[in-house]
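Two complexes, one shared chain (subunit A), two partners (subunit B, subunit C).
Right, the complex of A and B next:
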């Protein structure tokens, strides 16, 4: 009985499935081609990149990666970037958590205007802020420091973090707060023991967004640093002008730059969509 | 512990949520707050708990002013209509949470939690998370948390409203028994007059932020001091008729003339509002003194053994609840009878005017 049923249905299903499969494959190839090409280049020598067209490395080499991991002018770029990005993520979330809680739980004079005004901070291009930051940082000694770049990025990330966290927090009924107070929880204990675990996914997504925006932001990071806190993206653009173009090393640096983002995205993959909707799904 | 609400009012912006109210709830008493939605039941309860600060007035516990005391320091337990638990904790941790905060030894906590879980039939679910449970189990978890706390004031805000009827009936019987045994002041809000009657104890009727009456549940039901109380405490709604008394006759607005019931004959001539409970209407006169009304059927709802007949009488819309199945066609004219001793009479200010002896029959 069951075999008859499957044999009569199977052919239709199969042909439809394969058509979907073709579209999907084409799309994926289209998406992954640049990334593949980057990895492909990073494993080739400069001569091979410039002389021949090859779909995969003819002379597989890890020299490009070895150079990045041994040359301080290269790997310090990664360390600098990761330092200020992590600093920024921590600061943004620490500041945004209480702010978002206030916006989601209390009504006060001008709360809606203030909430919207926060978001307008994201509407100006970073270039607008480069000049004032540069002058300010030079005069107070924050120029070329990790904390300086982290603070500058807070300008964009704190509002975003407040908006995302507020969305997640508003999804938690206020009665849970009250039940905790009735049970005898103090505010801090309630917030850390009960509330934060409830919005853990929200915090994760917010961290991801802060991380991502800070990681890809180049203009402010480059303007506000010179040597000590120079980000990896700046290092990459500056090698262009060195003796010719070191394609292989540049490609390897690109691959390494993608990895942190890919890692972070893996942890919050289930909540990303909600994060893009600022927690309001 | 007794709770006194002393001239408490709550004003939010320009809206008065609670008009100045004074109530005293005795230790070990069961108090039902009865009122429609938005009548201020939850607002009043939040003021009692200390979740909201009153605009004016004081809250006294055993004669001590606790108005300024934060809710954490008062020994209160509260259960909401929505099933509120800590989703990230297991059922066991949920029930244990108020005890853990208090810093009780682990063994005591364990014993108390298991006792409460046994009482509310939660023992097999102790390791699960609240959101993995059915609605009824979630609410029982919230109830168990309120129970282990051994609070002096237990507030239940429509705790059974979102449960299926079988569970409601079961819990409705058990809840007062479980909680009043502890000597706590027990407050229970509901929108349903029937639930108040089934729970017994005291009833406080609320209407638009005002307490209209407080007293023994049956007494409030039988002798509503005002028209509003009678309306709040009637389901289906109380039927009313505006009349003017002249000599020994009652005249309706449309000019129909009724013989004045004997007990009302001593009242001075003035306009009055008569009230009839839906189940006091009969289709056959029980005595020649019955008041008779000629009405038109608008809708008939059948509930198996009873019929809700929606009617139009002159300008008023009435509901009659009669036993048996009576499937009258729409628009048909029927005559309803009410025994004169079952007529409520309120004066123009809505104050109860019928002599108390009359209402005995209600």
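Right, the complex of A and C next:
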């Protein structure tokens, strides 16, 4: 029976593999071509970018990268971005963990309305909030601080974190909680010693998504900062207009913003789809 | 799962409520405040009633932006959802190629949105970009800063490039959850590829597809940074979507009253759509628990 099945499946798989290979190759080339072009440009001098058109650098140069790493107005942008992204991730996870537990285990007054209200904040267009945020954060002295941007990004990251974590927590049987309480565990001991290790992958994925959405957002980050906490993405837009299109440095800065994402992706590659499905696959 | 009724759970939710309330409710109240007042400067405000709302609802500018926004979201969904399903079905199932595909496909999702814009701005330029230069070499008159159709194509292709992987990854996760026995049974029955897709794969992907459709709809509905960097809303107003128009009005022209009314109408549309999303999601969760 099994031999029949495998022998009849084998040729189908082989013929599908070649078609699959072609489709995936075309798609990945489509994805990577613009990124390749960016890297290509970042390794050229401005003269070469503007004068000759070539598929790879004729005179390989690292000057653009050197400029970024030696100029504080450039590299401080990276430090600022990383600072508020990390702050935001830590805050989001810390407050979202107990809330997600409450949503996944208990029913309480107004729980469904509350959950929906949180959700609407994930769906709220940042453009709506840009101006009032500016005024609110200026008036309480949070303008142009890392913590200010981190708090602003909590607007969409906390609901997302609650939502993903709730999905993962609902996958843990309730009997585990009850057994632990019968065994005499206090809530905090149970939560930190037993429950958090059980959903460790979920926490990792949530942290990744908080990192990601805080890292890619620019509108609020740019509105809420001027100098001291200016994110790298904003540094890029401003320098371009000021220095009359320094394409090489712009491309190099772009390449450097891709690297942190590419690094963290490797660690969550098997969970990324589950995270996007909000823990519900 | 049956949940126990316990109002003390509010204490666990309280930090989240306070934090989000600070970031959401206070700014929203500011917006509401502006939307019903007028000013002659000097921070002196007086009551304007629903004047701004009437103005926005009747303004051609808002209608045009709204129509452009719906067309854009519709085009995005019509391309990205089928393409995402198609890609997901062609992704390798095991071996070294799986992590490679996953990582490379996720790459565009992790690029800051304005860098996405910058990448395509450079890529599409006729003088220094690969795409623009290739078009020119092929004899096609392509210029996204001048030609409306080219600007639209560039913005749409950019979004497809940016987000199709999200749809594909979600569908892939859905496909992975189908047991091999289903396919074997289908083969024994002599089911065609189309029948397998229609009766096995599509129903299994329903949940993730719904999330994909709604995430893509929401995010394309509030798109700002990428088209702003590439086209700046132009040529003319051809790619001025709702968010771009709103920021122009609020920060560019500092028309606080109309911008606030605009914000609230925009937010209400989103709210309505979120409600539909939430209802359908919880409905699906319930169905999932039953089966």
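Criterion: the second predicted complex is superposed on the first by the 261 of 281 C-alpha atoms of A that agree within 3 Å, B and C clash if a C-alpha of one lies under 4 Å from a C-alpha of the other, contacts with A are read in each partner's own complex, and residues count from 1 in each chain.
Simple rule for what comes next: a contact is a pair of C-beta atoms (placed from the backbone, for glycine too) under 8 Å apart; a residue touches a chain by one contact, two chains touch by 3 or more.
Source: prediction; values computed, not measured.
Peer 1: Based on the shared subunit A superposition, would you classify subunit B and subunit C as clashing or fitting together?
Peer 2: Aligned on subunit A, subunit B and subunit C fit with no clash.
Peer 1: Regarding the shared-chain residue A:194, is it in contact with subunit B (first), subunit C (second), both, or neither?
Peer 2: Only subunit B is touched by A:194; subunit C is not.
Peer 1: So, A:101: does it touch subunit B (first), subunit C (second), both, or neither?
Peer 2: Once the two structures are laid over each other on A, A:101 reaches subunit C alone.
Peer 1: Comparing subunit C with subunit B, which touches more residues belonging to subunit A?
Peer 2: Between subunit B and subunit C, the winner on subunit A residue contacts is C.
Peer 1: Touch test for A:175: subunit B only (first), subunit C only (second), both, or neither?
Peer 2: first
Peer 1: When the shared chain A is used to line up the two structures, what angle, as a multiple of 10 degrees, is there at the CA centre of subunit A toward subunit B and subunit C?
Peer 2: 90
Peer 1: One more residue to check, A:18. First (subunit B), second (subunit C), both or neither?
Peer 2: A:18 contacts neither subunit B nor subunit C.
Peer 1: Where does A:70 make contact in the superposed view: on subunit B (first), on subunit C (second), on both, or on neither?
Peer 2: neither
Peer 1: After the superposition on A, what does A:183 contact: first (subunit B), second (subunit C), both or neither?
Peer 2: first
Peer 1: In whole Å, what is the nearest CA distance you get between subunit B and subunit C after the fit?
Peer 2: 9
Peer 1: If you lay the two complexes on top of each other, which residues of subunit A touch subunit B in one and subunit C in the other?
Peer 2: none
Peer 1: With touch defined as at the start, can you tell me which subunit C residues reach subunit A in the complex?
Peer 2: Touch residues, subunit C against subunit A: 1, 3-10, 12-13, 15-17, 19-20, 22-24, 26-28, 30-31, 86-87, 90-92, 97, 99, 101-115, 118-120, 122-123, 127-131, 133, 161, 165-166, 169-170, 172-174, 177, 184, 187, 207-208, 211, 215, 218, 221-222, 224-225, 229, 242-244, 246-247, 250-251, 256, 259, 263, 266-267, 270-271, 273-275, 277-278, 285.
Peer 1: Contact residues on subunit A for subunit C in the complex?
Peer 2: Against subunit C, subunit A makes touches at 5, 8-9, 19-20, 23-24, 27-28, 30-35, 37-38, 41, 49-50, 53, 55, 91, 94-96, 98-99, 101-109, 111, 114-116, 118-121, 123-133, 135-136, 151-152, 154-155, 158-159, 162, 170, 174, 212, 215-219, 223, 232-233, 236-237, 247, 250-251, 254, 257-258, 260-262, 264-266, 269-270, 272-274, 276-278, 280-281.
Peer 1: Can you check the complex and tell me which residues of subunit A touch subunit B?
Peer 2: It comes out as residues 173, 175-176, 178-186, 189, 194, 197-198.
Peer 1: Mind pulling up the subunit B residues that touch subunit A in the complex?
Peer 2: 49, 51, 70-72, 76-78, 80, 82, 84-89, 97-98, 101-102, 142, 145, 149
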